[in-house]
Amino acid sequence: MRTEEDAVVDEVAPWQWDEATWRGHVEHVRAGRPMLAGWPGGARVAVALSFDSDHETIPLRDGDTGPGKLSQGEYGSRVGARRILALLADRGIPATFFMPAVSALLHPDEVRRYAAEGHEVAMHGWIHERIGNLPPAEERELALRSADVLERSTGSRPVGIRTPSWDFSPATLGIIKELVLEYDSSLMADDEPYEIVQDGEPSGIVEIPVEWIRDDAVYFPMERNSALRPYASPRSVLTIWVDEFEGAYADRGLFQLTMHPHVIGHRSRMAVLTELIDHIASRRGVWFATHAQVAQHVLSHAEPPGQR
Amino acid sequence: MRTEEDAVVDEVAPWQWDEATWRGHVEHVRAGRPMLAGWPGGARVAVALSFDSDHETIPLRDGDTGPGKLSQGEYGSRVGARRILALLADRGIPATFFMPAVSALLHPDEVRRYAAEGHEVAMHGWIHERIGNLPPAEERELALRSADVLERSTGSRPVGIRTPSWDFSPATLGIIKELVLEYDSSLMADDEPYEIVQDGEPSGIVEIPVEWIRDDAVYFPMERNSALRPYASPRSVLTIWVDEFEGAYADRGLFQLTMHPHVIGHRSRMAVLTELIDHIASRRGVWFATHAQVAQHVLSHAEPPGQR
Amino acid sequence: MRTEEDAVVDEVAPWQWDEATWRGHVEHVRAGRPMLAGWPGGARVAVALSFDSDHETIPLRDGDTGPGKLSQGEYGSRVGARRILALLADRGIPATFFMPAVSALLHPDEVRRYAAEGHEVAMHGWIHERIGNLPPAEERELALRSADVLERSTGSRPVGIRTPSWDFSPATLGIIKELVLEYDSSLMADDEPYEIVQDGEPSGIVEIPVEWIRDDAVYFPMERNSALRPYASPRSVLTIWVDEFEGAYADRGLFQLTMHPHVIGHRSRMAVLTELIDHIASRRGVWFATHAQVAQHVLSHAEPPGQR
Amino acid sequence: MRTEEDAVVDEVAPWQWDEATWRGHVEHVRAGRPMLAGWPGGARVAVALSFDSDHETIPLRDGDTGPGKLSQGEYGSRVGARRILALLADRGIPATFFMPAVSALLHPDEVRRYAAEGHEVAMHGWIHERIGNLPPAEERELALRSADVLERSTGSRPVGIRTPSWDFSPATLGIIKELVLEYDSSLMADDEPYEIVQDGEPSGIVEIPVEWIRDDAVYFPMERNSALRPYASPRSVLTIWVDEFEGAYADRGLFQLTMHPHVIGHRSRMAVLTELIDHIASRRGVWFATHAQVAQHVLSHAEPPGQR
């Protein structure tokens, strides 16, 4: 009979792995050729704003069906998304809304309005499921169904994905290929777009990298039963995002930002998003673009493979 | 014999729920018609300050009966509430005090003084019990008893409730109706008052929404055995609350704030509350009101049902 | 046979306690008459600085005997205490050093120097033991032994105590009486000194209250295996402490501060302590005093019992 | 048969230890004679910048082989290390790069470039293993192998070590001696270099002390499944580091800083590192040095043993 101790002895600890093992893990999904090659019209910087319109799907995903948490999600649609759309319309700026299918089904007018006002709507899971806990077949099935929901909701097929919580399973890249998407926006190996390489093979998929630094959900959420608190004030986060933008501007690169209507949509935070946008818009040579526009631009303009 | 594994297999994960299930959860308690319709005397903004006078009931509720934690609660009554009352009297501002019944019984002079000085006293549980852990019959029995205690303590029946910790059980709305309360102040689907809708039916109950952003207990508490620390300085919280107020002012809406005498009552925090009130009072067209006054105003002035 | 379930059913939850139970807990150790009655020489404010010289006893108490954590404690004696003594000497300010007996035995020159330079040395446990986990007889035995060690180390018997981590067991007050101490400095029911009342009986012991707000160990420690991080910068903490002092100044009251040589003794924090002291010293009518001096002053000047 | 209870009774709690026990723990590895004795060319301050180039080894060490976390590590090499090298080259400043062997094997060009551009490369474990969990023989074997990898990668044998996560096992000092290293940089008993003393015996090894205060990984990381968040903004951390430097400058001492390419290498943080370096460089009498240079200087200039 095997005991727990045997199992521990059998398992090879990471410091005992042979080189093939750790190299294999590192090379499974990796950053390939850089895809930065100047912006349209000689712009100095590309600015890709995104909003993950999760709304009620976060508590639903956790089976937390009490009215309290759900009302926080409802705020995202009832108040946050409206404020965001008004601000974007006022400044004439396009953005990308990553939306779980269940959220799109709960808020059909909202998703139609995103599309009608010229924004991109892209994939963000079925119910913000935790991909890491799903069997690959379930992950695939939910993704396919989600793409169909978004197509029916907006009238056009999504061309990009951001995985829920930026999780990425061994099956994820295959699903992205099967769906013939142009880009993913869930990984973090660079500030600039790059081609994803899988086990040494260029995938043809553009990565538009995200970063926790540029995610409102890092700084502001409050979780009763954990120690998560909004200790960082919006005005201190503004200085971080301005510094990130200024770095991108100096590099003639990409400034990508991830927000959530139920997080950034509050008054004290919209004040700061407004200031950020006005700061950016005051600089010369800014190209505000959807994630799809960035991906399509770099796909057609980046230097051909075999570069770095 | 059923095993744990069977149970896991049987249980339907949220990403497997059918549409009726997730829609049912979302629609159980939901925000209905907005109830914002101008403020009395043409005021530009309503300001509803509230203080949850929990005092010793937080450690008592947790069975933490050591003198250390209890002395922190005692501070709320002995020092905090007195400072707050003095400040409100000096500025001529009414506020709402949500008070657990046990706290009212421990501090009878304090609760009488709240009422005598023109403030509202409203419901906040029996001993700050965790509603989520109670059988519905117990939740109801404690709520009824609490209403009676507050009526005896202040001479008038409470018209509103804030559930302890803003928890909201499946039984809560029914209890609110049985007690014929006018408003609840525990949910978060908007910044402005709205009518609570239950399973599609308007309830007639006004929600005066709260938000963690506007709660002192989010930023300042220190819990020895967790990682909760007062990392946010009062002065940085002041900038957040000023931004929230300025947003309400621009929207001609409601600025609602939740505080606790044992939290905000300390010198370095009262300095900031004083600055906030003086900032607000320096603007034209501010209506300082109790939560009951806000609820009664919107009930009699909001547009009739069937609006949104 | 009794099962766990029986035990749960038997146990009376706090929301089921009868009035005698919750009143009994609250009244066991409570704040009695205020002991504020003007300061010597007509001073406007009393400033009582204290340093808990725990050094290596924190990791030792936890059985964490690795060189890493111990070196952080060693820093408190080798670097922190020396810097603090130099600053106090330079500004001519007395302070109180609460020191576990094991720390005094490990650093005999340091404790002698505290006394020789005119500071108070007071009790702070044997090895910073967690009082809550000790049998009463052990708590008493360690306290008696600690008082003896401090007497031998400094040449005079301690007159005050701060319990390790401000814990306070059912046995603590009895031990304080047996040791004929004049004051305790571990509770938080007020900003000003008060008499401790036990089960309704005045104890004759002065409480010089502490507060987490005025404790450096709340803001700065880093614990590898928890989420404790020094997220609050020393300069933001300075604004809090200045506001606490200014409140005390306005109230003609007491400003009490708790620090630790291994925490505050670092360069970036000593800069802030120096600024704080210089800010305080720039005001008129400041009485810098040890905790013992404050206790002895209020004992001899406060209005007699039967006041509030 | 022994029960768990017996075990608890048998175990001697720290507050029951006899003097020999607690003294033994404290004296096992301890700070000996100070090794500060003026800097080369009469410089007022030594500035030792270090970067732990862990890259992918942190998630690998934890067996977290998903593409998400690995891409954060990849960022450290692909983006962070390049930015750091460019900044150091531009300002003409040497630094020390502590690099796990697996990281060096994954990034051979990077480690060669460190050496080629005049920086020190020093030991930092095999795969950032947790030393506290390793049998001594494994710790030794991994350390020996790591020294060989770094020697092959850079062409010269490392002379110093920083243990992964600054852990220090009972075996560590013996391994350092066996490898004939000149210095360790993992302990915290002082701000200035000192000689490590083992069980009362001077070891001849220089300690170049680190501190969490001066470590970017304390303030900025984000851990999804814990409450670690980058609540401290880079600009607030800059004020802390400037104050630490100014203290060292006033003391004519050492300013040592620990950073990580995957942490500090982001735009909003490089902005702050650049400001820090420019602030430091604006002062007179600054000696920028590698850790090895500092160790070698103090070894040859510090006053002989038998001093303090």
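For clarity, chains are labelled A, B, C and D in written order, and residue numbers in each chain start from 1.
Keep this in mind: contacts are C-beta pairs under 8 Å (C-beta built on N, C-alpha and C of every residue); 3 or more make two chains touch, one makes a residue touch a chain.
None of these values were measured; they are calculated from a predicted model.
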{"item": "Superposition rotation for chain C onto chain D, Cα-based, multiple of 5°", "value": "90"}
{"item": "Chain D against chain A, contact positions shared by both copies (same if over half, else different)", "value": "different"}
{"item": "Chain A and chain D: spacing of chain centres that average the CA atoms, whole Å", "value": "34"}
{"item": "Mean-CA-position distance for chain C and chain A (Å)", "value": "48"}
{"item": "Chain B, residues touching no fewer than two other chains", "value": "227, 231-232, 236"}
{"item": "Chain B-touching residues of chain C, taken from the complex the two chains share", "value": "14-15, 17, 19, 22-23, 25-26, 28-31, 132, 165-169, 172, 186-191, 209, 211-213, 218-219, 226-228, 231-232, 236-237, 239-241, 243-244, 246-248, 251"}
{"item": "Chain A-touching residues of chain D, taken from the complex the two chains share", "value": "56, 60-63, 65-68, 70-72, 74-75, 78-79, 102, 105-106, 126-127, 129, 134, 138, 142, 222, 224, 227, 229-236, 266-268, 270-272"}
